[in-house]
Amino acid sequence: MFKIAKENLSALFSKIAETNELYLPVKVANQTNFAYWTEEAEVDLDTLKTVKSAKDAFFPQSENLYTCTKEDKKIKITPEELQSQNFVVFGMKACDVKGVEVLDKVFLAEPVDTFYAARRAHGTIVALACHEPEETCFCKVFGTDCADPVADVATWMIDGELYWKAITEKGEALTKAVEGLLVDADETKVEEEKAAIRAIVEKLPYSNLSLEGWNGDVLMEKFESPVWEELYKPCLACGTCTFVCPTCQCYDIKDYDTGHGVQRYRCWDSCMYSDFTMMAHGNNRNSQMQRFRQRFMHKLVYFPANNDGMYSCVGCGRCVDKCPASLNIVKVIKAFENQGGNE
Amino acid sequence: MQRIGVFVCHCGSNIAATVDVKKVVEMALLEPGVVHAEDYQYMCSEAGQAKILEAVKEKGLTGIVVCSCSPRMHEATFRKAAERAGVNPYMVEIANIREHCSWIHKDMEEATKKAVILARAAIAKVNLNAPLQPGESRVTKRALVIGGGIAGIQTAIDIADAGYEVDIVEKTPSIGGRMSQLDKTFPTLDCSACILTPKMVEASAHEKINIYTYSEVEKVTGFVGDFTVDIRKKARSVDMNKCTGCGVCQEKCPSKKAPSEFNRGLNTRSAIYTPFAQAIPNVPVIDRDACIKFKTGKCGLCEKVCQAGAIDYAQQDEIITEKYGAIVVATGFDTIKLDKYDEYAYSQSKDVITSLELERIMNAAGPTKGHLERLSDGKAPKEMVFIQCVGSRCADNRGKSYCSKICCMYTAKHAMLIRDKYPDVNVTVFYIDVRTPGKNFDEFYRRAVEEYGVNYIKGQVGKVAPLPNGKLLVQGADLIDNKQILKEADMVVLATAIEPDPSVRKIATMLTASIDTNNFLTEAHPKLRPVESPTAGVFLSGVCQGPKDIPETVAQAGAAAVKAIGLLAKDKLMTNPCTAKADELMCNGCSTCANVCPYGAITYEVKQVNDHGIREDRRIAVVNNALCQGCGACTVVCPSGAMDLQGFSNRQILAEVDAICR
Amino acid sequence: MSIEKEFRPKIVAFCCNWCSYAGADLAGSSRLAYPADVKIIRVPCSCRVNPMFILRAFQKGADGVIMCGCHPGDCHYSTGNYYARRRMTLLFSMLDYIGVENGRTRVEWVSAAEGVKFSTTMNEFVEKIHSLGENVRLEDLRCKN
Amino acid sequence: MQELVNRAKELLADGTVVRVLGWKAGDLPYNPEPAYFTSAEELDNFVYNGFCGANLSKYMIEASKLEGKTMVCLKPCDTYSFNQLIKEHRVDRDKAYIVGVGCKGKLNVDKLKEMGIKGIQSISGAEMSDACDTLTIQTLYGEKTCAYADAMLERCHVCKGKEHMIYDEIIGESKDTKDAERFAEVEKIEAMSPEEKFAFFQKELSKCIRCNACRNVCPACSCRKCVFDSTKFDTAQKANVDSFEEKMFHIIRAFHVAGRCTDCGECSRVCPQGIPLHLFNRKFIKDINEFYGEFQAGADSEARGPLTNFTFEDCEPSIVTERR
Amino acid sequence: MNTAKKQAELIKEISGVNPLKCMKCGKCSASCPSYNEMDIKPHQFVSYVVNEDVESLVNSKSLWKCLSCFACVERCPRDVKPGKLIDAARQVVVRQKGQDYLSPNEIPELLDPDLPQQLLVSAFRRYRR
């Protein structure tokens, strides 16, 4: 275990940036999101949750797939180059790291998404423990320990010092590259901090949320439940929950005519949108209730059914924070809990 | 995908001299959808059009782009050619590479580059064109003439003579208009009534003409060929069918204090009255504001004296609804109010009068029985001053910016008549310019000077001041002698500017006919379509379109009649297919589009729609294709883009933008 | 000396069919030159011009957009340009507000008889765009060459 | 609040309405959600407090399609939206029983979080029966207090007034919360240099994730198919692939609601990235007021909107450059 | 620009008048109470400015005979307002003397009995609104 004083962090960042693209929480116009590090960037490691998760680092909101250009009447296709530059994502929280695991299940399964795979191959994750968990957090429910994040490197910010522990080979390599800036440290303080964090987590209102009854064999029962009919009603059909979610992985593929060629790109899509998976015949789900149900059924039933019981919710609580209509996955889970009690 | 043919015209050397037409052909062939491109000397020639026909046949073209002169020039030509070739005429687009390119650019390379881009834009548009079919609408064989002056009368007679029914709507109790108020007419000096009365009689006797006097147009709906008009027939209080026109009621009427409209308020009339002796119809009306019976409930004398029993105090306004194929506006003019011209003392002295008032004074049926006398004291004037351009040619906010056109001539007429009848009266005319274009006009004016000794002074009058001795001190300038003139006059006559009758504003709004800043109705084209309003089926007759004298008015009245007849002679009308259309699935039914539609072409219907499996009743905009003129105002206020314009759709215009900017 | 290419602005002119397009035709037949950078799109009326069209032009690489219509009061459709006037006033004000240089957008009323005005307006406008330089504040990088 | 619940029960019981549209208590102190209630039992979960910021008028579009009348709770500012929706034939006045609810300013939990208040367990001082001067917040990290006004939504600081524009009855008291000039922020931006303006908006808009929350919450954005979703034109966008598209979306959206936007402030309230979206709408409102005379959308359900109206004497677009 | 042209432009600028709008109707001269005292008549004044003969204007008697009654300004149908032109010409003369700006405090000592009263009256009229 190593440590580095907080005031030396910018030296650390510029050292990392010498050989890597560095992606970390940056405050722009009062909001903190992951962004590329520059000398001028206002790095913000204090805000617990970035508005968007760090998902963009591996699965950006939009990315080019290939470009078609016309040469006379022939069409030439130029595929977009895959990520070849190493990069570091600094300051990811345990829940977001877990989110990447969920994405891996989707994009690294056959057929492998080469764009995603290239990014995963070149990306090193430096995770940061959550020192002051908030009332909207419920990562514990999904077995995540926000006090002890598991990534390439885990870090803790304690008393103005960043504690640094390499976990994987990639983590070791990165540690080696910045060795000069780190000093040796013992784990006592970190262990104390972990205990303190875990104590708080126990007190969080959602920590005891029960996922009982959400395993695969309840699919039809959940699907046909009348609860959805009432539950969805406040939903505005916006994509906020989807876009702030670290695990939502749906995308749409679109073409853009630049005037001198056509770019085929993909961009995040939201199952809450009425034109989600719109096809020539129309839409698979033509009411908002169906769309609403889809999102939560996917996170809590379909995904685990196909992925050895792994839920595609990590309990980051962003949707709890951000939903304009104050709807969220917790309310959904609880609604069924109550339903179960009534029966 | 369309199969597009591109035809590039040389226009002799007009285009080919600055645009490399071969290059345009070459570049056009690279565009998506283009399967054929060629250039030719004159695309608009028979041989040129034949090339289109040939290419359609050989290559199975579905869209055509002609790179040539302005679409305003030959769009119609090429649309017809396309039609002959079996292609929908609305699948043709023109790239204007002459007016917008070869004629304004000198550099060949630059002009060619631009021509290629303009061609691209047209190709991009045609790629998204859809065949359009003009609709048909029926024509009601009946015309409405609004206004019963000489313009309206003449138009009505001409249309009726061609065999079509005509209704005249006149707001005063009699037809005749301003011309009936005139004494003599220039430049022949024949008596106005003598030439007008026979026309009035002809109109009233015509079996195809129906006259609504004391009536106003209340509401107009519909469109060219199929207007529906509500006419308010105001309560006359006299039964038109029973009245014999004996005039006893007017003689006996005890209320004689109402100012006579016909005599411009210079004298009074009875409460029950016909405006003038030759009035048509010769049926009086009761002025309810002046009538003692209506004011107090007592009197009823006219009813007692009427042997025909025609008086009907209980009569109500009546609304008549009628359908018309064409509408002619002939609302005429009035003189402007002089309240902003204090310097001429019009409101201070009875002896300062307008020219139209002078007409009444000079007229044998007028307030002074035709004697020229001062209205203040009845004395014969010795010194008369005429002031020209009162309120005309004014750039300030007091008057009118235009020349009223008729004043120079009628002033010469007045001066001449006075000098002829009263040789002892000195007549002085202050003028800025004397404008006498017209047959025998200048000769007429010269006669006033040379034969009748009228004193014309170039220079405007600054002030007219009533003097204690009852005379008027006229302070003017003589710009030729460069001196200021002070003249004591007995009477001053103001050549007051004319303006469209105020009623025209309301009528224009009802007809959605446009009016200019001076409230004159706008022509469809100032030179080539001078008697048509831009609103289809609405025609303009007389001064409502712009100042003009009697012969011009009559000529225009005839022209308007011919245009109306041309329309009425058709059984069906083709409507422009480039109209707005609402997408039922996207329309919100919010009514915003209807708010901006100048033609009232958008209405709403509750319809059942099937929106991707959801069936519901929705309020949806429906465009009447016969009413829609295709301006597109509705398309921009529609946030979802449900309302789109056929032939100029959002996608088409965006495609043009893209093609130009790329 | 700069080896950069001379700046040739892309300028889109929306012209109403009845007045301004005819005015442009008259400029053409009177041989009143203006730079070839201006390309005209014919619309039935200035009220057909959607703010979306204007933004789209900038997106696709235009450096200036001008809209021409009949003089107020002369609209072929009697009221179209009055609506267009309000729309454009608000749109231009908004563009100014978000920091887009003044003068990249313009409205001019040009009648069918005003060939001279059309030509001088276009010359002025092109000159103005030259002075403002390339459009970078409303550009879409994907559309840059 | 109890008065409101009692009245709702009455109206349900006497058959005046078949459902009540209000707010349901959430599982956190600050997240009540819009909800329908159809029975007295359900109404036990009814809540109306400082966190009930959501404007329910847009929900009435769907409620208007249902059988029977809906009692809808509208705050003073919500009634403007409702009027505007009546004008546009999007809601049915006869299907609504409008209870105008009092308002003492609505709260924004993000403001509390900005102050560093985290781990919120309970909040007191935000009930309608409270004076609404101070909030006391119990957190995992100790008790905190803050002035009520400091946690208010931006829109409440520039409140249009606590008068309901349309209602069947009014329940509950209101408190004046206006303590800032409505156009002050807009004026501040107007006074900037073009470079500063551009930098400001570029920064703010760069945060936009195109979640469409602003659009979907907006009562004026009630289109069945938004032009940015529509497959009929090639104007659809799902992400801001280029920063241009941020501007395109927000300018066009503001333009589409110009003259119709009541300035209800919902767009700014819901933006997950805290973009002050009201600055766009309010700029249009300010311009409309200056150019065409004072106009408040939704003040009634009749008046012609400024963009569907004109006068012959309207200013020319060149005023934009001339007035500086 | 030559001096005459400059001065003519200056007169136009000060007066805010476009003399080309004049249609030579003579209403100004017809209205003028000082007409007979003037060597250059009001309507001529306009064409002098058009022809840039400012020299003659500033040396004319008329310049100081105008009472600034503004009758011509009120009545001019073309908005040419000869009175304003005359007024502007006077100002040009005053400015030539280098007296562009006056503070109220300086006025008393400048009150030269020979100073044309018209100038004062005119100033009052001009600035009264």
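Note that the chains are named A, B, C, D and E in the order they appear, and that numbering of residues resets to 1 at the start of each chain.
By our rule, a residue touches a chain if its C-beta (ideal position, glycine included) is under 8 Å from a C-beta of that chain, and two chains touch if they have at least 3 such contacts.
Computed from a predicted structure; not experimentally measured.
Chains that touch both chain B and chain E: there are none. Nearest to the global CA centroid, when each chain is reduced to the mean of its CA atoms, is chain C.
At the far end from chain B, in terms of centres built from Cα atoms, lies A. Work out the mean CA point of chain A and of chain C, and you get 46 Å between them. Separating the CA-averaged centres of chain D and chain E is a span of 61 Å.
Averaged C-alpha coordinates give centres for chain B and chain D that are 49 Å from one another.
Residues of chain B in contact with at least two other chains: 596, 637, 650, 654, 658, 661-662. The residues of chain C that reach two or more other chains are 51-52, 56, 60-61, 73, 79, 83, 87, 140, 142-143, listed in rising order. Multi-chain contact residues of chain A (touching two or more other chains): 256-257, 259-260. This structure has the following touching chain pairs: A-B, A-C, A-D, B-C, B-D, B-E, C-D. Across the complex, chain B is touched by residues 10, 12, 17, 21-22, 24-25, 27-29, 31-34, 36, 39-45, 47-53, 56-57, 60-62, 73-80, 83, 87, 119, 143 of chain C. Listing the residues of chain B that touch chain C in their complex gives 70-73, 96, 98-101, 103-107, 110-111, 113-114, 117-118, 121, 512-517, 522, 534-535, 578, 596, 598, 629-633, 635-637, 645, 648, 650, 653-654, 656-658, 660-662. For chain D in complex with chain C, the touching residues are 186, 189-190, 192, 194-202, 227, 235, 241-245, 247-248, 251-252, 254-255, 258, 280, 283-284, 287-288, 291-292, 306-312, 314-321. On chain B, the positions that touch chain E within their shared complex are 343, 389, 393-396, 398-399, 430, 432, 458-463, 475-479, 482, 484-485. Against chain B, in their complex, chain D makes its touches with residues 65, 87-90, 221-227, 230, 232-235, 256-257, 304-305, 307-309.
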